[in-house]
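Each of the next two complexes has chain A plus one other chain: chain B in the first, chain C in the second.
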Partner chain A sequence: MNAPASGLSLEQAPPISVPFRFFLSAPLFLLLAALLVLVSGPQALASRWTPALLALTHLITLGFLSMTMIGALMQQLPVVAGAPMRRQQVVAWMVHIPLLAGTLMLVSGLFYSQTALLRLAIFPLGFAFSTFLVAAAGSLSASQVHHATTRAMRFAGTALALAAGLGITLAGTLGGYFNLPLNELIGLHVGWGLLGWVGLLVMGVAYQVVPMFQLTPAYPARLTRWLGGSVFLLLCGWSLAPQLPLPLATWGTSLTAAGLAIGFALFAGTTLYLHKKRRRKLVDVTLRFWRTGMLSLLAAIALWTTAHLTSAIADDPRYPIALGILFMFGFAISVVIGMLYKIVPFLVWLHLQSRLPRDKPAPNMKQIIPDHGSRRHWWMHMATLLLLLGSMAWPQLVYPAGLSLGLASCMLWLNLLAATRLYRQLAR
Partner chain B sequence: METISVYLSSDHRCCDDYFATAEDHAAKRNWAAATASFEQFRSTMSHHFEMEEHVLFPAFEQETGITQGPTQVMRMEHEQMRELFARMAAAVTAQDADEYAGLSETLLILLQQHNLKEENVLYPMSEQAFGSRGEAVLQQMKEMSTVA
Partner chain C sequence: MAAEITLDVRGLEPPEPMVKVLDALETMPPGDSLRMVHNREPFPLYGILQQDGYQYRTETFADGHFEIVIWR
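What follows is the complex of A and B.
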């Protein structure tokens, strides 16, 4: 009885500083990404193997996506799984600082091709992810709640462990520690990181928050029951298929990859359908970001499918970059920003109203982050997405794209900072 | 068979419908309709809270002996929501669409995460604790509905 009972107590929700340190750091990595695009120019997006592009990718996946996703999980695990995380403040310190430092080391190592930095980055990053994973596993194993979301979170956590482990092996290989086949490792690292850690976590979170924020019908149980597990198993199959004897290996890889594409297309399609069926009529900024995210995910899948049918596209060096823009920026970043615009003002309100005297009501969510601020950011975000995609055809567009990405990340950071300052002012 | 979980969860969905209608009318500054639908929302919510506070929670506390646990937190969140209802009522009277929209957004998340905790944890825990007595508890809540 103890675990679920304690999970319901607000006293065990972490202090606001636990998630906010992650949220406030993340936009700065997007800003760094923008500066990197502006400094490198069209060269940055010339191939997926340029040092600038490798650095850019990790600024996004580690600096922005993992940073916010870990911060949100530390806050949300108690609510969703009914089980608090032990020693959250200590864990927050032990994850945030090494993640921050490790990302900066890895990114500079990749950008300046400094293998010594890559070798060094392994330690803080390995420490950050293993600390987080141990803490999250402890919380989830104490949880007596078993539903599609906690299941997807377990799969996402396992995928993170694999992606991080593969990443560390890769950094070690580039740094000269080991001598392993790079290309195979990179494929696995990207698959587990993007489809596993990011994709499965978004899926699991969506099952709860899409109905909750927009008052849509629930995701159909026959979808949520098997989708997360299938994606996870398909990723396992896709990872192991190349070990089969030859014609089977090719078939296995294509079939599992097609299965993954279908799984994510079903998820995006269902989410858009549920949005259409929502009972809450107004179109808020989170809905805009999520629609952008789901349409980008569908576009990424369409591009991937076309490339598999047309070798001219598959062989074009711009193809993996366009795919990355659609998946990482269009899908993952959009969805995460949409979540931040709900979580951040709500947490400020929640913590304030328990601290303020009764006759002094806490400001409401739209006073904490006004609509016009977040909506302006969405427009800038859309401009960035279109300019980034446009730069695939007209390389000179990377300059306005970098500028727009810089402005968008400043807008996000200032919106979050204003909310934090309001909290500090009133909580005093 | 209808269970406590099914009955109270479907009542949550019903409250959500009234919430959405009121929010839509207020956003369109359709104040006569907003007033009516907000009142309907508030009274459905109050009735739901009363079923829990007068029947479900005491029965849970009696059965498990836990009085400072989940029911305490749920009662506190009910109070937080009642405060927001009062401010929303004032916003409807003052015909202040911005204030209503901000309060409504805040209430939505508070309410939904509250419902999530009840539906995921408290209701299943109660059913488990009540065993065969569950039906009587459910009946008692339903009787409150007919009286109301």
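What follows is the complex of A and C.
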């Protein structure tokens, strides 16, 4: 019954600068996305293939989502898996700077249709992701902890490797290095990136943080035991189905896609149900962001299902954009922001706790990022989501949407910066 | 005779579990021990315990909860 005491000491736990560099960079990419929306206007959203929309998507997925998710994983691996990452400060440098530079190169290459920039972006992005994946794999393989979260993290990491590999192949194809079928590659890249890397990681992290910070009962073990693995297998099946002879290929694709929709709907539904069952009835800002995220995920699934039944929706060029707004902005960004508002104050508190003398207690979590600041941000975030969705019907709404996205990203950045400054002041 | 106090921190929002344990350790007489009952393994706490010179032993239970015995 005795578990070996794991050897995590404070020297091994990452310094606060490791995750914070990622967290503080990410909102700036959302701000860039807002500027891009304002500069491009309604024609940016004319189809999912406009240069502006491709640039916008990657500002969000690489600049905001991957940036925060990698930063959080570098911090979380030691905490949830008891497995410190080796040389984390060096790894942090080797991932953060190339991810930053590579994202800017890729986004400018897509926006200005400059193939030279796309060819160049391959190297920093490939370097950043492979460095991170090797370091994370090393840390997870040393971990003695095996639960649904570490399993989901392994699946999410594999999905990231595939999505990044496919992305690099795509950039190389657009840049003229290879001559490969673009459409099939794009489908796989989007599937593994959004459902695999983002979806599976959110799922795995939710198993820990929803009960921990939102004080809900635990996710049912019969769900967590198989859900992550099933989503991963369904993604594999969905990727390979088109290789089957017709009509098996069509059936295989539809069945696996429907399975994925059911898997994510179960996850979102369970999370909302657990929120209802929470022990403390307080509605804090993280809960608001997570509810927004889960409802958006359900709305995305409903839209996807409707499109599969109604060809008028499926053929509308606005359909994939609306789906992207619901999944990337409504679901993924909301959930990540909700997480940041818990982990940033927690990390500030934890690091101060171990640095300050015992008679000088660390400030409590509520003082580190005050509620009113993050709540104001949630309102701005909701306005942005509704304006973005509204712009599908009234294209002129992209201007107020861009403006409110810009304001919301500044609010996030300032809230995170205030926490960082408080840490610096007190840790001195 | 050495005493053992039990502190059940299940259902508290972080960082409350750690705050409660560290507060209890402050006032614990030498030779006594503290049994922390928790629903996850508190890896960040281990670091602080090592730094402050405490020893600890973690017991895992089939229902998924953990008990960490801490002494100096």
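One rule holds for everything that comes next: the second predicted complex is superposed on the first by the 420 of 428 C-alpha atoms of A that agree within 3 Å, B and C clash if a C-alpha of one lies under 4 Å from a C-alpha of the other, contacts with A are read in each partner's own complex, and residues count from 1 in each chain.
One rule holds in what follows: contacts are C-beta pairs under 8 Å (C-beta built on N, C-alpha and C of every residue); 3 or more make two chains touch, one makes a residue touch a chain.
For clarity, every value in this text was computed on a predicted model and none was experimentally measured.
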Requested in this report: Identify whether chain B and chain C fit side by side or clash on chain A in the overlaid structures.
Outcome: clash
Requested in this report: Determine, under the contact definition given at the top, whether A:V344 touches first (chain B), second (chain C), both, or neither.
Outcome: neither
Requested in this report: Please work out whether A:L422 is in contact with chain B alone, chain C alone, both, or neither, and reply first, second, both or neither.
Outcome: neither
Requested in this report: Using the superposition on chain A described above, determine whether A:K281 touches chain B (first), chain C (second), both, or neither.
Outcome: first
Requested in this report: Answer with first, second, both or neither: which of chain B and chain C does A:M365 touch in the superposed model?
Outcome: both
Requested in this report: Please indicate which partner A:V79 is in contact with in the superposed arrangement: first for chain B, second for chain C, both, or neither.
Outcome: both
Query raised in the report: Should A:M212 be classified as contacting the first partner (chain B), the second (chain C), both, or neither?
Result: both
Query raised in the report: Superposition on A: which chain B stretch among 23-31, 113-121 or 131-139 collides with chain C?
Result: 113-121
Report summary line: chain A contact set shared between chain B and chain C covers 1, 5-6, 8-10, 79-80, 82, 145, 208, 212-213, 215, 279-280, 346, 349-350, 353, 365
Query raised in the report: Which residues of chain A touch chain C in their complex?
Result: 1-3, 5-6, 8-10, 12-13, 78-80, 82, 145, 208, 211-213, 215, 218, 279-280, 346, 349-350, 353-354, 358, 365
Query raised in the report: Can you list the chain C residues touching chain A in their complex?
Result: 11, 13-15, 18, 22, 26, 39-41, 43-44, 46-48, 50-51, 56-61, 64, 66
**Report entry** chain B residues within the chain A interface of the complex
**Finding:** 16-17, 19-20, 23-24, 27, 64, 66, 69-70, 72-74, 76, 80, 83, 87, 98-99, 101-103, 105-106, 108-110, 112-113, 116-117, 120-122, 125
**Report entry** Complex contact set, residues of chain A against chain B
**Finding:** 1, 4-10, 79-80, 82, 145, 147, 208, 212-213, 215, 279-282, 284, 342, 345-346, 349-350, 353, 361, 363-367
